[in-house]
Amino acid sequence: MPKNVPDVPTKIMPPANPFDTSYLRDAGSEDKLKEECGVFGVVGVADASNFVALGLHALQHRGQEAGGIVSYDPAAGFQSARRFGYVRDNFTSQSVMETLPGELAIGHVRYSTSGAKGQTAIRDVQPFFGEFAMGGAAIAHNGNITNAVALRRELIERGSIFQSSSDSECIIHLMARSLQQNIPERMEDALRRVEGAFSIVAMTRTKLIGVRDPLGVRPLVLGKIGDGWALSSETCALDIIGAEFVREIKPGEMVVITADGVASHFPFRAQPSRFCIFEHVYFSRPDSILGGRSVYETREAIGRELAKESPVDADLVCPVPDSGTPAAIGFSLESGIPYAMGIIRNQYMGRTFIEPTEQIRNMGVRLKLNVNRALIKGKRVILVDDSVVRGTTSRKIKEMILDAGAAEVHFRIASPPTAWPCFYGVDTPQREKLLAATMSEEEMREHLQVDSLKFISLDGLYRAVGEAEGRNKKCPQYCDACFSGEYPVIPSDQVTQGFEMKPAAE
Amino acid sequence: MPKNVPDVPTKIMPPANPFDTSYLRDAGSEDKLKEECGVFGVVGVADASNFVALGLHALQHRGQEAGGIVSYDPAAGFQSARRFGYVRDNFTSQSVMETLPGELAIGHVRYSTSGAKGQTAIRDVQPFFGEFAMGGAAIAHNGNITNAVALRRELIERGSIFQSSSDSECIIHLMARSLQQNIPERMEDALRRVEGAFSIVAMTRTKLIGVRDPLGVRPLVLGKIGDGWALSSETCALDIIGAEFVREIKPGEMVVITADGVASHFPFRAQPSRFCIFEHVYFSRPDSILGGRSVYETREAIGRELAKESPVDADLVCPVPDSGTPAAIGFSLESGIPYAMGIIRNQYMGRTFIEPTEQIRNMGVRLKLNVNRALIKGKRVILVDDSVVRGTTSRKIKEMILDAGAAEVHFRIASPPTAWPCFYGVDTPQREKLLAATMSEEEMREHLQVDSLKFISLDGLYRAVGEAEGRNKKCPQYCDACFSGEYPVIPSDQVTQGFEMKPAAE
Amino acid sequence: MPKNVPDVPTKIMPPANPFDTSYLRDAGSEDKLKEECGVFGVVGVADASNFVALGLHALQHRGQEAGGIVSYDPAAGFQSARRFGYVRDNFTSQSVMETLPGELAIGHVRYSTSGAKGQTAIRDVQPFFGEFAMGGAAIAHNGNITNAVALRRELIERGSIFQSSSDSECIIHLMARSLQQNIPERMEDALRRVEGAFSIVAMTRTKLIGVRDPLGVRPLVLGKIGDGWALSSETCALDIIGAEFVREIKPGEMVVITADGVASHFPFRAQPSRFCIFEHVYFSRPDSILGGRSVYETREAIGRELAKESPVDADLVCPVPDSGTPAAIGFSLESGIPYAMGIIRNQYMGRTFIEPTEQIRNMGVRLKLNVNRALIKGKRVILVDDSVVRGTTSRKIKEMILDAGAAEVHFRIASPPTAWPCFYGVDTPQREKLLAATMSEEEMREHLQVDSLKFISLDGLYRAVGEAEGRNKKCPQYCDACFSGEYPVIPSDQVTQGFEMKPAAE
Amino acid sequence: MPKNVPDVPTKIMPPANPFDTSYLRDAGSEDKLKEECGVFGVVGVADASNFVALGLHALQHRGQEAGGIVSYDPAAGFQSARRFGYVRDNFTSQSVMETLPGELAIGHVRYSTSGAKGQTAIRDVQPFFGEFAMGGAAIAHNGNITNAVALRRELIERGSIFQSSSDSECIIHLMARSLQQNIPERMEDALRRVEGAFSIVAMTRTKLIGVRDPLGVRPLVLGKIGDGWALSSETCALDIIGAEFVREIKPGEMVVITADGVASHFPFRAQPSRFCIFEHVYFSRPDSILGGRSVYETREAIGRELAKESPVDADLVCPVPDSGTPAAIGFSLESGIPYAMGIIRNQYMGRTFIEPTEQIRNMGVRLKLNVNRALIKGKRVILVDDSVVRGTTSRKIKEMILDAGAAEVHFRIASPPTAWPCFYGVDTPQREKLLAATMSEEEMREHLQVDSLKFISLDGLYRAVGEAEGRNKKCPQYCDACFSGEYPVIPSDQVTQGFEMKPAAE
């Protein structure tokens, strides 16, 4: 290979539309893991793109930066619209939606996991589209391809021209080069070259296609709506369109849906499944159903488990809103300590305000959260949060609570310490930025300067999600790499670039 | 008077900026009473307008349609920016905020109570500004003037030219015609002509001014920030800027604040106060302090009172989010029935989606709320809501709960039946649209088709807000006209236009 | 009067819509006098506002900064739209035009003569509207009120609240305070208080009204279209809508037009007329008719007169495009020297480009004009321009011509030296910025470094516009104050603020 | 090949930015041939993209629909901005231009010749960019590839994914598949596969590249600016940036320009050149230099030749502005009949207005042109225009002139009858829409109902452009296919789709 070949191609990034400012991330949420994407598709109903817009709206929590919809109509052909910002702001006007006619449509909402951070172009917004010799196809991808850099280099050397900086574009180029005679088979060909996690919703002129990677890391569910069908990342998006939840797509399964029904097959070598356990903790919406139970109930169970593992004498159990709420309710129910909203969330949050002067500390968090001062004053408070990532927000919340006159502050965290980055489609900081990568639980408590800090144990978490025996150490039932450092798929691009995996013996 | 004089002048309404679509009201909230306005002002701190932007953001729940800020700087003079949409979308950019320099600024967020509904012009957005012989002044008004139509007619006949359709503009014209030699005295002059409810924040080149009407219907509080001062509709907006809550402005009080301090006087004839009791029930934010106690605690107390008055055997107490939450927690604590989030709110709500087909009922509510189906199934559910206005949303929520398989649905409402319109600055439907204006509690239960429906009693509500003896029938401690039909100020314009008040004997 | 009363009220200027950038003036035209305004009105035809949009488009040369239209329809009432930028960009969309229904409409295009320069607000854009006791009225004003500051102060002291910084708003407040019983009479009342120049188009719910000041400084013409009528600043705007040119409105005349026809009267004391002679030289469009002859022919006659007065031996006569073209053609026809386009105008000019480096001189002019280098090389060139104001552009053009290799450059100017500012509705620099205010013709030639420079004489100009005997010194037939310093109306505000008029003896 | 392979791939067209309306074509210019593109590039100067913006502004007449710039800077990499609308509206703001840093940049302005008409996407706007194994390259193309459909099909079948509907994208895919080791050689490889006309400006990280097709159908010139170099479609764009015109790039020449200078070579088989003769007649700007003479002078010579070939007795020679102006001046100089501006062009034209009622005929033309009625009345008028395409505009102009009272109307056309479509980068109607394709000169005169109509002869045109002997019938010195039907390159895609070429014998 010539020396001047760059590892990752130089980006050409058209400046985003200056009118689109809505893609700016929620202030105050910078200390959370970001779910990367949500996918949704519908076939066999009139105005399919309107259903997709609704579905994406229900999946907005999985990706707030941008969204896109592709539709197909025999008269209009493939049509697409891709925009920065919320679904509600882009896909609700007649003028946009009538450009997306037809009975078949797919859509995608995204955070930027791959792609140059902070300068995502509209070109990186999915679904991606390719025109093949036998017609067009569009695909929307939730997950992350761990050998994308290597694939991209190989494809460019053979003459493919990439238009985005997204890892997902590899799939469409691999499909373009496949010798198979139809699009689903080309997709199988392409996906067998791909490593990592993927839940894909795709479409041709006549077919809606769904695929999950062999480990089933990311969710994908099937729904029935009238005479048509829907594919969605979560069941809550089936609810919004009035579709019936049929079943989860299985790990390694590909479904090809036409007017005639759902054909299922398994193009990959079978493996034990490793669903992402963090979907239970934080990513999925509480009203979605995972493994036959509402995510809300699972989180309440985590709170109960946490109360059993790490009880403490106090006056109030308060959630860090909104994600800590179900676990706080569970903690309160198990412990008998009254549940109260000690922190109020401003529901109008959005862009970052200009901070007037330095005299105001913690402005970022204040914009989003305010302490119920009169309630908290003099109380011993248990704060329940879903996770601790960098610890910056936890620290600010603690200060706000103490400013308001709390007597004691006890943190209870509904997940084990997050000590390893995710390479399967979640936006995590580099390992050295993770608080738990460098500190013990006690060091973290000192760092946060709270009266106590306790995380649920990994076994406790497995019990709460329904594994009565806890975690199977030899063959874990879930992907818990962010807690354990045990990666079910070797992240080969990252290892090439210097990421040090946990020693196998550990 | 010539025959062709129109009662209300023909409107000239420049079409709003077509880029501003954000002012569209939240879908799903069309069945709530709308607080009309929030006001905020700051003096004596650098970059005052940035503080005002933050304050208005914290008061956004009081008015989501539009907002405005006026600032004064000796070099730049008075500057203003008025925009449709959320504070976070308009008053966060450097390019806007640097047009508003100075150490003195006031702001306003609004719903349209007066003004032609549905076609508010930017000209109707406050603060209003007038140039007087002794210099300029800007005012921001929370409340409603009940003799505005008569005042407007009189002013036009004497040569005043109105620029907006807002009732608040009368104040500035009355001030322009006053013979007093300084602006605070002109304002007193003007306000003595005005009937109704008002909490006003105003400014001259050197003074920040706050006034409440003699009954003190709308809230207004004073805060201290560094060497400067702040006036705000609620204490939660003091918290966001790090200001200390000093005290409430008293009914009938005018404060004139300069660098030298706060001067207080009482320009109106003294009357017993009649603060709006609905501020406790719904309008104010739960983390604000009213009467020395957090609004959250008051609402929890309402829930406890409701549980005492109207107990029922059930499996779960669920709030209608988010406004029913504190009362639901109180109901659960009092009754011992577990609290649970049976209905999940989509935090990304905004504009109305295009509904794909008729097969989907209740789309409006579905966009905002989804039932936690797996949790609700087979359960007897108590739903706690803050109020019932038209009853349309209550009905849809009940249907969603039953669709999800609930065994029983019991509604508990944290306010008495809303049977009368408010004329003091709240956007209420006409009386005939209020469910409680035409139906008894039992008729409402039948109409909603629920297993039980109970409202808190008026005495119970008074007890919960801290009046141990309940309501003083001869001289009620609060304005409760929306429940009782007893209006503390006769709404003269409305009576002129045919509104029938409750017979005195009743 | 108290000491702190400002002479001109402090401005409150909402920042203009950031999307409106089109109002930026043409680069390269900064060295011209600016006509301030064009007015247009139509009554008695369906979709009147569409005719007004077309008329304003034809009058765009009279004002490029902003435009506005007000319409009246019995069902919709008065409606208005006011925008920065070109008519073609704002009043061509269905969505805007359908907000302006009815058979009666007026419009206005403007430069900012009064109003704070460089920070015009949308509030300063006409037509202005007022709601009077007997109904609404809108007015559009071309000209300038020379006692506006005094009137404004008086009105504010009596309680009027100004909304703009425009001198024209005085008229509407004077009307609001008139005791007359109908709007045309109130307008007469108001205009009798006003000094200066005005051609006004106004409307009530049923009437289209036109007025010219007693001197008739600014133009106004009457046209017939179908069963309806039109008023326009110039005849070229009648052509575009297919209206027939009926006659000029006379100096001091008011016409009140309804479905029944045109009523004419003369509410002011009669005076000899003083039409602006610069309308012939530059302001009016060449295809308009003034005094029975096309402006084009008058300008060609100016060129012929100039060739007679100041002949020179040369190879080519070239216009400074586009305004010098007719005079250059006249000069060529009279002199027999071939006419050629030695300077080419870029028809896509608009905003100012970012100049890349200092190595490029004269960028501003280059963006708009380019020399036809191959044609000019080695030639003796006569450049014909309409006027010299600051002289900056003339100098740059001379440099471009010499850079291209011209052997000689001779300037011939189609107007006398511009030595005095205009106070009657034209945007002129302060006197000290006018080249001719401080230099003789020969000094100007040296300053511009050209081989010769000649202006037409004042008498020659009068002959060219049709006064065979030249200028009547005792009672000039035109307003030529910008050349002669003889102001037909004393500019009282300016004199108050220190402007020194030419001694009467001179 | 499978039956369902579409000849031209189904388009996927994202809806254009709704804010961009400026790309709408000039009303009234719908009856002209449209030059398709202008290209410009600069290397070796700071802020190269600002120079490119200026150059594109000077080339705006070659393409008004959209423009794009790509720059390269070692720190920022390749950057691009592509927008609908005028250069002046898009590439003049600091915020856009500072995203395009570096000393090397190229740009493009375009009409849509290929690409789906009327629904151009921003994706079709050049320059196109590709990331190759040895680095990135951007190219901008003026011309048209006559075998693009065949190339596209072949490339798709081999796995290339097209992102635009532009024929020019083929070049970048052919480059991606070349086995050459550097980009200029890959470009040679690609261009040897391409048929048709092309003048290309391209760039790598270090090189500015210019190429003309072997026939040299489209222009391309080289300029020197400081220590750097520029490539441009025309010399007028060198003038605007202050660059010196060095020479024309030769037919079949490729220049590769770096900091070290200009390397020239000739990668194609040599052929006699066939420069587009219509560049002289209409496309190029009059101040550009072609063949050592200004285009203005050539057009004046065409007018003189026309006056010799087809004299007529009349009172005035008037141009159809602006393109007929130089020929009209030549006609006047040769014939001695006075030149006059009988038709005035509105310089503010742009979007189409809403036509108020049917009573107005010819609105489209009236918006742009107005007759100088007072001048024309009673005169015998010679109208000189550059060409007749459909004849629709000529007809309307004739009607306007007669409406104004002209005694006679004589058309003189500065080009031969346009009877054949252009396939080399000009937007022409289909052959059956061309007036001259179906009518003789006399039939056209009758159709237009004018007193006389004469076109210049093909030999006369050749003489005017400097070929003293006229056209060489055996080997014409220019491409004149639009007049003669003799196509120097067989338009193979068009022939495949059914276009009938002129029989060789003819």
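For clarity, chains are labelled A, B, C and D in written order, and residue numbers in each chain start from 1.
Definition applied: contacts are C-beta pairs under 8 Å (C-beta built on N, C-alpha and C of every residue); 3 or more make two chains touch, one makes a residue touch a chain.
Protein names from UniProt, one per chain: A, B, C, D = Amidophosphoribosyltransferase.
These figures come from a predicted structure and were not determined experimentally.
Visitor: From chain B, what is the lowest number of touch steps before chain D is reached?
Guide: 2
Visitor: Which chain's C-alpha centroid is most distant from that of chain D?
Guide: So the farthest one, by centre of C-alpha atoms, is B.
Visitor: I'd like the Å distance between the centres of chain C and chain D, where a centre is the mean of that chain's Cα atoms.
Guide: 37
Visitor: With centres defined as the mean C-alpha position, give me the chain A-chain D separation in Å.
Guide: 50
Visitor: Between chain A and chain C, what distance separates the C-alpha centroids? Give it in angstrom.
Guide: Distance between chain centres: 62 Å.
Visitor: Where does chain B touch two or more other chains at once, residue-wise?
Guide: In chain B, 19 touch at least two other chains.
Visitor: Following the definition at the start, I'd like every touching pair of chains, please.
Guide: A-B, A-D, B-C, C-D
Visitor: For a test of understanding, state which residues of chain C touch chain D in their complex under the given definition.
Guide: Listed in rising order, the residues of chain C that touch chain D are 19, 21, 45-48, 50-51, 53-54, 57-58, 60-61, 64, 86-89, 91-92, 94, 97, 226, 236, 239-242, 285-287, 289, 292-294, 296-297, 300, 322, 325-326, 329, 333, 338-341, 344, 346-357, 359-361, 363, 366-367, 370-375.
Visitor: If we count contacts the way the header does, which residues on chain B are in touch with chain C in the complex?
Guide: Chain B reaches chain C through residues 2, 4-6, 9-15, 17-19, 70, 77-82, 95-96, 99, 129-136, 156-157, 159-163, 172-173, 176-177, 181.
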